[in-house]
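Which chain is which? They are A, B and C, in the order written, and residues in each are numbered from 1.
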Amino acid sequence: MTADLLLQAVVSGLLLGGVYGLVASGLSLVFGVLRIINFAHGAVMMLAMYTTYWLFTLAGIDPYLSIVVTGPLFFLIGMVIQRVVIEPNRFAAEHNQLLLTLGLALFLENLALVLWQGDFRSVRPSYAGASFVVGEALVEVPRLIACGGAIVMALALFAFLRLTDVGKAIRALSEEPEGAMLMGIDVGRIRAVAFGIGAGCVAVAGALVTPFFYVAPDVGESFNIIAFVVVVLGGMGNFVGALLGGFIVGLAESLGATLLPGSLKQLVVFGLFVLVLLFRPAGLFGGGRDR
Amino acid sequence: MTGEVLAGLALGLLLVAPPFLPPYFLEILISVMLFGYLGAAWNILGGYAGQFSFGHAAYFGIGAYTSTLLFLRLGVSPWLGMLAGGVLAAAFGLAAGYLSFRYGLRGPYFSLVTLAFAEMLRVIAVNTKAVGSSLGLVIPNREPAPVNFVFAGKLSYYYVILAMAVGAVWITRRVARSKLGYSLLAIRENEDAAEASGVDALGMKLRAMAISSFLTALGGTFYAQYFAYIDPTITFGPSVSIQGLLQAIVGGAGTVLGPVVGAFVLTPMSELSRAAIRGRAGVDVMLYGIVLILVISFLPRGILGSLRRRP
Amino acid sequence: MNRRAFLKSAGAVAALGAVPSIGRAQAKEVKVGYILPVTGPLAFEAQLSLNGLQLAVDEINSAGGIKALGGAKLTLLPGDTQNKVELGNSEAARLIDQGISVLIGPFSSLVAYSVRQVAEKNKTPFMLLAAVADNLTEGGLRYVFRVQPNGKAMSTLTMNNMLEMGKAASTPIKRVAMMHEDGNFGTTMGNHVEAFAGKLGYALVQRIPYSLKSPDFTAELSKIKASKPDLLVISGYYGDSKIIAETAAKLRIGVHALVGLANAAYSNPKFIADNRDLTDQLFDGNYWHNPQSPRAKAVFAAYEKRFNSTLTSHGVQAYTVIGVLKDALERAGSTDRDKLRDALSKTNLADHILPQDAIKFDDTGENVNATPALLQVQNGRPVVVGPARFAEAKPVFPVPKWHG
């Protein structure tokens, strides 16, 4: 019986971990290039979920298909936010930039509250109730699609960074800022693109999650802090590390829920966070910025 | 110096005017003083030492729960409990600080680890029946008993928090002008250089942490006694952490009066916005967000910090 | 003085000493103060309650007001707590100064805990609205009254209803599992379900508090499935309740039924409409009206006409509180707070739209017959399936889908 519980914990932990990984990849990319920890990441995800909701409710567009709209839309929104709010302050002290994104998060979350009020909304496409069993472990189809979509998106991101010129420029700026500038890379543009990609990633994650979650102004909070944990675990700036870190955190959380009483699973996640911060701040896989 | 004269006048007004204020304004003033106090406590570590804690709620909560539990379970006067809470919080702060600083956590990494510590305490409180879990703790007997930190009217509470705020400002001033203060300034500007020139960065930062966490905990006890109810979210939640640092940032981190000025700007602003746009939850926090963005963008040293730059 | 003057003056004195309502200025209105979180995060719910108050007050006034007071009309005096304790206190004090006969409110249990002291000190009847906490009527206060079921009644009666249902269907409920959000609301419910297990005759085999924010409860629900319960009780809010209902079904959690306990989602028409396939045959023990009552139907129609939306249980509670107040005023024949307080304590009101017997208060001020309704979602609608004499449909029990 306990073996079944553990198997279930592993399966559902990995499924959710994929989504955590996608959310964190965007955050990690932004950190690698802009050196800021974006507190508004979850808020952008929330806005994307509202967008998915409106597209579904008003135009009947399937949430997964709507990614074609939501992804690019939030890429653009991300670029605008970067240009307007963050770029003008790029020489500000690190902690001030952190506070900037905190202010942005407070603003966006409460803007949603003011505009659409606190009541909850659901998106429920016809296949949302589908599921199957692997051994004794339940696999819910929407969660499987979300995990799969997250992996695909992460791989696409990886390919983009490896194969395209813009991608290479982003990596260069992330790994070797001074060298990159000397090579004549348009730093301002790359920074905006990187932030846009971060926003686009988390927007896709939001769309993927909407069919099995709910939509409300505070929904980003469920993923925001976890994303930080994953990014630190994977190594800040190491986007592949972020995806792997997502699986690890999802797994840890799920095992925590199985083995610990009450709602202590959160303690496992934060405990892991503190341990990594103290003992391996460059991340489990290295490659991240140290301290 | 005009600054000091203004401050003196303001203090005079704060001492004399409140008995004549309508109850609603007195309430707002108490909120202002409490937030200003918390901001000043945060400022010692955040503004002066440059270590931005996002988890000061941890100390606030330790203070609130310690004094309340001692009072409810053992009948210890909250005045003593307040001190006990402060010492406990300082101990926790030193432990957390030592771990973080010793392992070289700086900047955003330090901020994140403090956030994690506060959240961990919250989750533990929620899951611990002995401290009431999510039902929290109520201080039931409201019979006025000054020896037990229970007063008949709001005015008495006001003067207590006013005294605490003045005390925090005075401590800030003393620290700023002391060797500790100069060391912290050096550390804030460039920790490695400071270390190289012989400053014991770890020791100095820990001192700042101890003072900051001790003071914050006292604020927690005040809150518990004034509102007579605490729970894990109110005390350990992110709201308290954010409120504390907001006052200092907006008013001027690293200045003596910054947090108090920040409180006088932010609290009425949120009250007015809430009254102006009735029935719409979230307007006040939305404005906090905008103010924070604007302040960081245009007044990165806060109101007082920017004023100082004038020739 | 001469005889005529004496008679005149005697007559004047006699007139003054006669029945007080004659000669003195008649009470043309009864001041009814309310304190609600009109602005702030609970503004939406507060408005629903306010609508209920308004509907009831206007209904009474247009029917001639309070007869025993010569047709005096009820006047609502507003107070905004912003869901804060200090404001609750100050607004209550302000309204009391303005001469209210009764205070209604304040929604939040936290605010209520403090305001009741203010009301008691000023000897003003305080009729609770929405505040659930059990300790509000403790402490020997004489001026606090609560019409709706408190946390204890909500839990014990709902559990009882389910147990009875189990017996009636020959599928007894012996093992109960509970999941609740780890905040104030969920923990209160969880504590009751745990505390009354022995007394009501079931074993609580699993109790799992969870964090609202979590996007996944598969591990928790697997633990519950492994403990082989007959019944799963959920005290939660929207998002979490949705995920739980969904995952529990897919896991084939094996219970006879899933029942919400004051659940924010399972009898919420909007939630049900948005999640049709998910919500079928979910139970919920919650505040509700009496669907058999013709008066209830009329009230719903009137509300719909006036506010262009469906009456919610918030509105039902508020409407009922005014009804109780009116009845007490008629019996008291006075706007005097103490007389009103005494009349309230002697309430025995059968003419209401709640799913319970007559409204009567015990000496702590709790409505002794307060009953939550047991609802089940059938054909996309929440219908009352218990207690039997108020039911509008038969319950489907056991519910097959949990066994797959």
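Note that in this section a contact is a pair of C-beta atoms (placed from the backbone, for glycine too) under 8 Å apart; a residue touches a chain by one contact, two chains touch by 3 or more.
Being a predicted model, the structure only gives us computed values, none of them experimental.
Centroid distances from chain B, each centroid being the mean of CA atoms, peak for C.
C-beta contact counts were set side by side for A-C and B-C; A-C has more. Rounded to whole angstrom, the centroid-to-centroid distance between chain A and chain B, based on C-alpha atoms, equals 32 Å. Look at where the CA atoms of chain B average out and do the same for chain C: the two points lie 39 Å apart.
Shared interface positions of chain B, defined as residues touching 2 or more other chains, are 123, 126-127, 280-282.
Shared contact sites, meaning residues of chain A that touch two or more other chains, fall at 117-118, 261-263, 266.
Annotation for chain C: residues touching 2 or more other chains are 41, 182, 209, 211. Only residues 50, 52, 99-100, 103-109, 111-113, 115-117, 119-120, 123-124, 126-127, 242, 245, 249, 277, 280-283, 285-286, 288-293, 296-297, 300 of chain B touch chain A when the two sit together in their complex. By the touch criterion given at the top, residues 41, 44, 182, 208-211, 213-220, 222-223, 226, 237-239, 242-243, 246-247, 249-251, 270-271, 274-278 of chain C touch chain A in their complex. Those residues of chain A that touch chain B in the complex are listed here as 36-37, 85, 88-89, 92-100, 102-111, 113-114, 117-118, 217, 225, 228, 232, 261-264, 266-267, 270-271, 273-274, 277-279, 281, 291.
Partner chain B is touched in their complex by these residues of chain C: 38-43, 47, 82, 85-87, 90, 93, 110, 113-114, 117, 135, 139, 182-184, 186-188, 191, 209, 211.
Taken in their complex, chain B has these residues touching chain C: 23-24, 27, 123, 126-127, 133-136, 138, 140, 142, 227-229, 231, 233, 274-275, 278-282.
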